[in-house]
Each structure stands twice: as C-alpha cells, then as structure tokens.
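One chain, chain A, links the two complexes that follow: it is found with chain B in the first and with chain C in the second.
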Partner chain A sequence: MTSALQATDLGKRYGRKWALNSCTLDIPTGRVVGLVGPNGAGKSTLLQLAVGLLTPSSGTITVLDERPASSAEQLGRIGYVAQDTPIYPGLSIGAHLHMGAALNSNWDAQLADRRIRDLALDPRQHAGRLSGGQRAQLALTLAIAKRPSLLLMDEPVAALDPLARREFLAILMEVVADQEVSVILSSHLVADLERVSDYLVVLAASQVQVNGDIEELLATHHRLVGSRREIDNFPDAVQVIESSHTERQSTVTVRSVDPILDPTWSVESLTLEDLVLAYMSQAEVQRRDLVRTNGGAR
Partner chain B sequence: MIEFRLNGNSGVSPYQQIVQQVKSALRLGQLRIGDQLPTVKEVVGKIAINPNTVLKAYRELEHEGLVAARPGIGTFVVNSFDETTYAAQRTLRRSLEVWIEKARRAGLDDESIEALFVDTFLFSPKELVR
Partner chain C sequence: MIWFAWRQFRLQALVVAGVLVAVAVLFIVTGPSMLHLFDTSVANCRANSDCGAATTIFHDKYDKIVQFMTTISVIVPALLGIFWGAPLIARELESGTYRLAWTQGVMRSRWMVNKLAVVGGASMIAAGLLSWMLTWWATPLDIINQNRFGSMVYDTHYITPIGYAAFAFALGVTAGVLFRHTLPAMATTIVAFAAARLAFTSYIRPHLMSPVMKNISIKHATNFGFSRTPSGLQFIAGTSSYPNSLVVKSVVMGRHGATVTPQWLRLHCPKLIGPPPNASIGKVGSAPGGPQYFNACVNKIAQSFHIVMTYQPANRFWTFQWYETSIYVLAGVALCALSVWWVRRRVA
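Then we have the complex of A and B:
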C-alpha cells in the first residue's frame, strides 16, 4: 500500500456550484496530514468523498488504494470522525462501545476500555451529558478502537478549549506512535497543525492550492523584501505566490527549489502560518478578479 | 529523565528544539551518560507533536554520537560533553550570580544585563587559556 488518498481530477458539484473542483492529490501512507483552508473551501466535501458518504461528480478517488465504501472490509480500515464529533446523546458510553464491537470485525475492546478508564469516564454515563472535550475523546476512542489504517477527522478540535485540544492531540499522537495509522485532519488552527502534522494540503476556492511534505514546503518557500519593482522578471523556476507593494517597497512570497541569490532582495524564511496565508490570499485575489471580470455579465 | 517543551515563536523547528534541549541538558549535567531519554510515545503524549519529529531529533543525536537506541528498550545517553567541567560550572554560576546582582544594583535592566554579557562574551579573546 503506497497511497493513503489518491484523487485525480476529483470534483463534487451541488447544483451549479462546485464544492470541490479538479482536485488531484497523492498522499502517501504513514503521514499526519493537515487539511487547511477557509470555510466552504471543500475540506468537509473532500473528507466525505474519502469516506464514501458522497460520490464524485467528476474524476476518481481511492483511499488505501481502494474505492471508498467499496466493501465492508474497506470501511473497516477507515476511521472517520465527522465535524463536531457526533455521538448518540441518548446512549451511554458503554452502549457506544458495545455498538462499536458489534459493528466492527477488528474491534479492540481492550484498547477501548483502557481509553475510557484513562479518561476517568464512567461507562454508565449518558454521552449527552459529556463535556465537549470528553465527547471528542469518546468519538476518537470509537474511531481508533476499530484499528483503522486511515483516520479521517473533520475539525475535531474546533469546538474544544485549549487544554482539551492539547489533550486530544496528545492522545492522537500517541496513537500515531503506537499503531501504523495514517491521519488526515482538517483544522483552522495552523499552530496545532504545525505541531502534529508532517504533510500539508491547502484547499481554497474549491481547489487544492498547494500540498506536500511540510519540511520540504518550508524549505522551498521564501519571502523576498526589497525596493519597489516590477516582479515579472523572475526565472521560470521561481513561482510567485503572492506579492504586495508600497511606494518604496515590494514584498513577494515565492516558491523556488533553488536558493534566491539576487542580492537586491533580502530573503526571509516563512512559518507554516505565513505559507498557508499566502496561498489562501492568492486564491482569494483570484476569486475577486474573477468576480470582477464576470461582474456585469450575470 | 528530562522533559521537553516547545516554543512556538522561536523560529527554530520543533526537531531542532529537541536536539538543542538535549545538548543543553548534557552541558549542564542534567543528563549524564547512561541516562534514558523519554520514549517517543512519552514525548508525543506530553507535548502533542508528531512522533516523526522526535524520531528525527533522536536520529540526529545518535548520528552525532551522543545517544544510542537500544531496540525495544529505549534511547540512552552514551556520550556527553566534557563532564569534568561540571564541578567548575557550579563556582562559575555562583560568580555569575554575584555579577548579575551587582549589575542590578547598578541599575541595569534585564535587557541591558543580557546585552552586556553577550557583547563581552563575543568580544573576549578566544584562546586566552591553554
């Protein structure tokens, strides 16, 4: 098995609007992938396509080299925690575990019981009365006790307070250290992703803006600051992501494998947050330009 | 056993921070030969970082000959910086404390004290003692 998720020209359309468009990705296994982008960018759509809750309008997607939801075995290899970590409020914690055991052939009851004990939760307690953090932990327990090879999580920590968030991510990282599991995790919180992920996918305006190994991405992106100038004379190997100008100064974010040697630029490295923001604002600029050009037409 | 921490604003990559913290602990005698480093699972369970980050840091320390991994048991310190300096460090620290106390009494604020120390350190002759 080589790919956790592979998408070719993948698209999903709701009516006339494309929620996800010409998305091509090849995410290797064994990574913790941070999926980041503004609201409505298509993150949840991509995850739901990967689980098989949605079917593509165009293109193809495979997870762990198989079509999503193609068989019970395939589903058993995928753990999915939907947005807002849903649980059944009327059921007890114990009933959740019982259900997990009945529905999954690989269910690791020992692991599930130990996790509930470690969290100091009472199995008789109704899930509806758990705190946000406890709910998220219960959802994570259900997802990992089925011993998945791929764990997909849609904003699992968005609603949690900082302590609960940190605890959730710490346990997730323990799972990654312990089991051979690939993780794809969507989040707005780049600072969290910077800690836990080693692979990044930026989705904006329904399209993949950039994806790859985080270390590699950080090593090949630079911020150039220098006196005001036109920026169309970079060599072909240098890709301009974003630029801004004042009367006297130009600031340009570029992607380049080769180092920038032009001495008239001062070259700075980017943080992951800088990088994500550069791609998100590039997408936003393109969107506004598009609206402006099509503006009168509709 | 040492405990790692992560500074999000330092501009130093997480794996480099771990490498630096181990080296600093070795220099200060907080880690000695034979000591075990926390396991990858212990580290990630505490500071919520990617396990590969810890592995990468440990591999670099191993490459530099400071630690060795014993499969199934853990990672241990096998080499350190000059341990004979530990004793000297104590008296040096004491005289530095006296110096800092004097600087405070002379009215220097923290930044001035640090600047004065770093400046003096950088411009002091390097090969004075043989």
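Then we have the complex of A and C:
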C-alpha cells in the first residue's frame, strides 16, 4: 500500500457549479495530513468523495488503492468523522458503540469502552444531551474503534471551544501514536492543523493550490523583500506565489528549491500560516480575475 | 445489522404495540357480550325467519362502535406509511446521520435492505394483527350485514390490510428517499396512498376476474321507484341483493337494449305522478300518484324489462383477497427496490 489517497483530475459538480475541480493528489500513507482552505473551498466535498458518500462527476479517486465504498471491507478500513459530527440523538452512547460493533468486522470493543471511560462519559447517557466536545469525542471513538487504516475527519474541531479543541487534538495525537493510522483532517484554521499535521494540502477556489511535506514546503518557500520593481525576471526554477507592492517596496512570496542568492532581496522564512495565506490569496486573486474576464466578455 | 435496525425502531414499535394492546382489550371486553346478544336474539330469530326487530336492536347497540373501529382500521395502513415509512430514510438524510450510517463497515444497500425488512415486516405484522382482531370481533355484524365484499369489511378484514400496509410503508420510504425531507414525504404518502386505494377499489378490484352476468325480474329487485328529472320521470330499480357479493353494475334493460325512458313512461303510465320537486328518489311504496298507479306501472315495466346484474359472486371472496393483497405487496416490493436503487446510485 503506497497511497492513502490518490486522485486524478477529480471533480464534483453540483448543477453548474464545480465544488471541486481537476484535483490531482497523491497522499502517502503514514502521514497526518492537514487539509486547509477557506469555507466552501471543497474540503468537505473531497473528504466525502474519499469515503464514498459522494461519487465523482469527473476523474477518479482511490483510497488505500481501492475505489471508495466499493466493498464492506473497504468501508471498514476507513474511519470517518463527518462535519458537525452527526450522532443519533435518541440513542445512548452505549447504543452507538453497539452499532459500531454490529456494523464493523474489526470493531475493538475494549478500545471503545476504555475511551468512553477515560472521557468520564456514562454509556447510558443519550447522545442528544452531549456537549459539542463530547459529541466530537464520541464520533472520534466510533471512528477509531473500527481500527481503520485511514482516518478522515471533516472539520472535527470547528464547533469546539478552544479548550475542547486542544483536548480533542491531543487525544487524536495519542491515537496516531498508538495505532498505525494515516490521518487526513480538514480545517479552515491553520492553527488547528499546525500542531498535529506533517503534510499539508491547501485547497482553495475548488482546486488544490499546493500539497506536500510541511517541513519541505517551509524549506522551499521564501518571502523576499526589496525595493520596488517588476517581478518578471526570476529564473524558471523560482515560482512566484504572491506579490504585493507599496510605493517603495516589493514583497514576493516564492517557491524555490535552490536558495535565493540575489543580494537585492532580503530573504525571510515563512510560517505555515503565511504560506497557506499566500496560496489562498493567490487563488482569490485568480478567481476575481476570472470573474472579471467573464463579466467583461458578456 | 438487523439488531441495529431494530434498536433504532424500538420506540416507534412500542408505541404501536401499545395501541394494539389497547384495541385488544377493548375487543376482549366488548366482544363476548356482542356475541352473546347475537346468539340469544339474532341467531334464534333466524329459525323463525323474522329478524327485523332483533337486528334493529343489534344495530342500535353495536353499529357505531364497529363502524368507528372499522374506519380507524381503514386509516391504519396509511398511518404506518406516514409515521414508519416516510421518516425511515428521510430522517437520516435530513439530520445528516446517513453520513455516520453509510461510513460503517456495511454496504449502503445492505443497510437499507435490513431496515426495510425490519420496519416493513413490522408494518405488515401490525396491520395483520389489527385485521385479525377486528375480523374476529366484528363477526356477528358481518353475519347480519351479509356484505363481505363491501369496502368496510373487505378492506379491513382478513388479509388485505397486510397488503395495504406493505404498500403504504414502501410509498413512505420512496417518498422520503426522493424528497430527502420527512414532512413533504409524509404529505405525499397520504395523498398517493389515498389516490391509489380509491382508484384500485373503483376501477381495478371489480375487474380482477371477469364478472358474472345475470338477468333478474324487476319484481325481485329489493327496491324500485321513480325520480323526477328535467326530461320527465325516471324509473330506478335498486340493486337486487346478492348476499356477500360485489355488484359491478346493475341496469334496467328491455329487448334489444331498450331502456325505460321518460317518453315510455308518459305513454304507458299516463296517470303516474312523480315525487314532488327536490324530493329524494322514490322508494318502495312511496307512491307518487297513489299506490294503485305505482304498482300498475311497475307491473307494466316488469312485463317488458328486467334487471341485468353484473357481479362477482360471494364464493370468489378469498380469491379476490389473495389477488388484491398480492398486488399491493408486489407494488410495495417494487417501490422498495426502487428506493434501494435510488439510495445506492443517486443520493449524495
């Protein structure tokens, strides 16, 4: 098994709008992948395609080298925590665990029971009365007690307060350390992902903007600051991500494997947040240009 | 999987089980006294073939409650479709829990087939139990009324309610899958179910087998009379009663298909005066123009005309019950198959 998730020219369309467009990705196994992008960028769509809740409008997607939801075994290998962590409000926590046991052949009842105990939850309690954080914990328990090879989580902490957020991510890291599981989790906040992930996918304007190992991405992205100038004279190996200009100064975010040696630039390193924001604002600029061009043609 | 389908359904099942128990208690309390009255009055009078008084007493005492329970029984399959069928999948789609259910280690189609089997099976069992209890309880009245093919008996007794329940349930599920919302699915279920039942009862049921035709003398008609129409008087002959049979059509007809026209009446019964304007249709002995003219005219009509009765005889009752039940169950199975296919291919 080489790929956790492999997508080729993957697209999903709702009516005339593409929620995800020509997405090509190859995410290796054994990573904790942060899938980041603004709201409506297609993160949920990508994850739902990966778990087989949606079917592609174009292209192909395989998860752990198999088509999503192609068999019960395949479904059993994927743990999925959906957005807003849906649960059955009328059923008790215990009934949810029974459900997991009844519907999954690899169900680890001991693990599930232990986690509910550790969370100090009463199995007889109705799931509808849980707090947001407890709900998310229950959903995570259901997903990991399947003993999945891949854990997909769609904005698992978006609805949680900062304390519950930190606790959730801490438990997630424990799980990752304990079990050999690949993780893909999405968020619109880089801060949530920074602590846990070692691989990044930036999704914006329905397209993958950048993806790769986080350390590698940080090592190859630079911020250049210098006197104001045109920026079309970089060598081919240097890719301009984003640029901004004031009256006297130009700031350029570039991707380059080789160090930038031009002495007229002062080279700064980027934080992960800077990097993500650079790609997102570039996508936004392109989207606006596209809208303006289309509008002008009409 | 079956276990979980049952676990989700348990509360709804308990509610209906409670209602069935309440109905059973009512029947057990009232049933024996109804049977006792029947045995002591109506059954005795039959030997002396004078049952008018006895049946009147019986009707006065039990008509209302039997009719009430029968009416409820007519609605029960629809209620099962609305409250068990429509929310079954729609609720999961609406609340988003389908994202939890469909990402467990079970294929979506299997998950759905199990749910359909558990709740659909329960619908049929519930309707079957109610019908069985009602059939037992209402036996005395059914014997008196001699109208097993009548809607109130045929549609609520024996096995047809099982078919209706299967169909209504499947209708609810299908509407829920298509609309993805419980409320519109419920509304659609009740409208579609009522439409299907009415259409089937009036247009399909009478022709499930080719009916029997019979000529009957007008003198053997149970009731006849005249009514006033804009074009003159109109002769009406009431359906001659064939106990427990289903009358498809009954017309008054002479040689070469002739009918009793107002012109014919003016010619042959000149002294006959119709009922006053806006009066209800004339009945036996309600003699427009006096009894002697009325009877003379009926005699004249009887010489040239007779009643042509088209009907399904009483001995076809069980054949019809099986036919109709099978058709509804098959329609239900087809709808279930459609919704499984839809959920696999089209939803989400």
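Basically, the second predicted complex is superposed on the first by the 295 of 298 C-alpha atoms of A that agree within 3 Å, B and C clash if a C-alpha of one lies under 4 Å from a C-alpha of the other, contacts with A are read in each partner's own complex, and residues count from 1 in each chain.
Following the convention adopted for this analysis, a residue touches a chain if its C-beta (ideal position, glycine included) is under 8 Å from a C-beta of that chain, and two chains touch if they have at least 3 such contacts.
Every value quoted in this text rests on a predicted model; they were computed, and no experiment measured them.
**Q** Between chain B and chain C, which one contacts more residues of chain A in the superposed model?
**A** C
**Q** Of the two partner chains, chain B (first) and chain C (second), which one does A:Leu290 touch, if any: first, second, both, or neither?
**A** A:Leu290 contacts neither chain B nor chain C.
**Q** Going by the contact rule set out at the top, does A:Val257 touch chain B (first), chain C (second), both, or neither?
**A** A:Val257: touches no partner chain.
**Q** Looking at the overlay, what does A:Ala109 touch: chain B (first), chain C (second), both, or neither?
**A** The answer is neither, since A:Ala109 touches no partner chain.
**Q** Taking the superposition as given, does A:Arg195 touch the first partner, chain B, the second, chain C, both, or neither?
**A** Only chain B is touched by A:Arg195; chain C is not.
**Q** Figure out whether A:Ile78 sits in contact with chain B (first) or chain C (second), or with both, or with neither.
**A** In the superposition, A:Ile78 contacts chain C only.
**Q** Could you tell me if A:Ala237 is touching chain B, chain C, both of them or neither one (first, second, both, neither)?
**A** After superposing on A, A:Ala237 lies clear of both chain B and chain C.
**Q** Mind working out whether A:Val225 is in touch with chain B, chain C, both or neither, as first, second, both or neither?
**A** Neither: A:Val225 stays clear of chain B and chain C.
**Q** Is A:Tyr88 touching anything from chain B or chain C once the two structures are fitted on A? First, second, both or neither.
**A** The second partner, chain C, only.
**Q** Which partner does A:Glu174 contact after superposing on A: first (chain B), second (chain C), both, neither?
**A** A:Glu174 sits against chain B, while chain C stays out of touch.
**Q** Please write out, lowest number first, the residues of chain A touched by both chain B and chain C across the two complexes.
**A** none
**Q** Which of the residues in chain B end up touching chain A in this complex?
**A** 6, 8, 11, 13-14, 40-41, 44-53
**Q** Along chain A, where are the residues that touch chain B in the complex?
**A** Against chain B, the touching part of chain A is residues 32, 166, 169-174, 176-178, 191, 194-198, 215, 269, 271.
**Q** Which bits of chain C are touching chain A when the two form their complex?
**A** These residues of chain C touch chain A: 1, 3-4, 7-8, 11, 95-100, 102-108, 110-111, 348.
**Q** Quick check on the complex: what are the chain A residues that touch chain C?
**A** Residues 48, 51-54, 69, 71-73, 75-76, 78, 80, 82, 84, 86-91, 95, 98-100, 102-106, 139, 142, 146 of chain A touch chain C in their complex.
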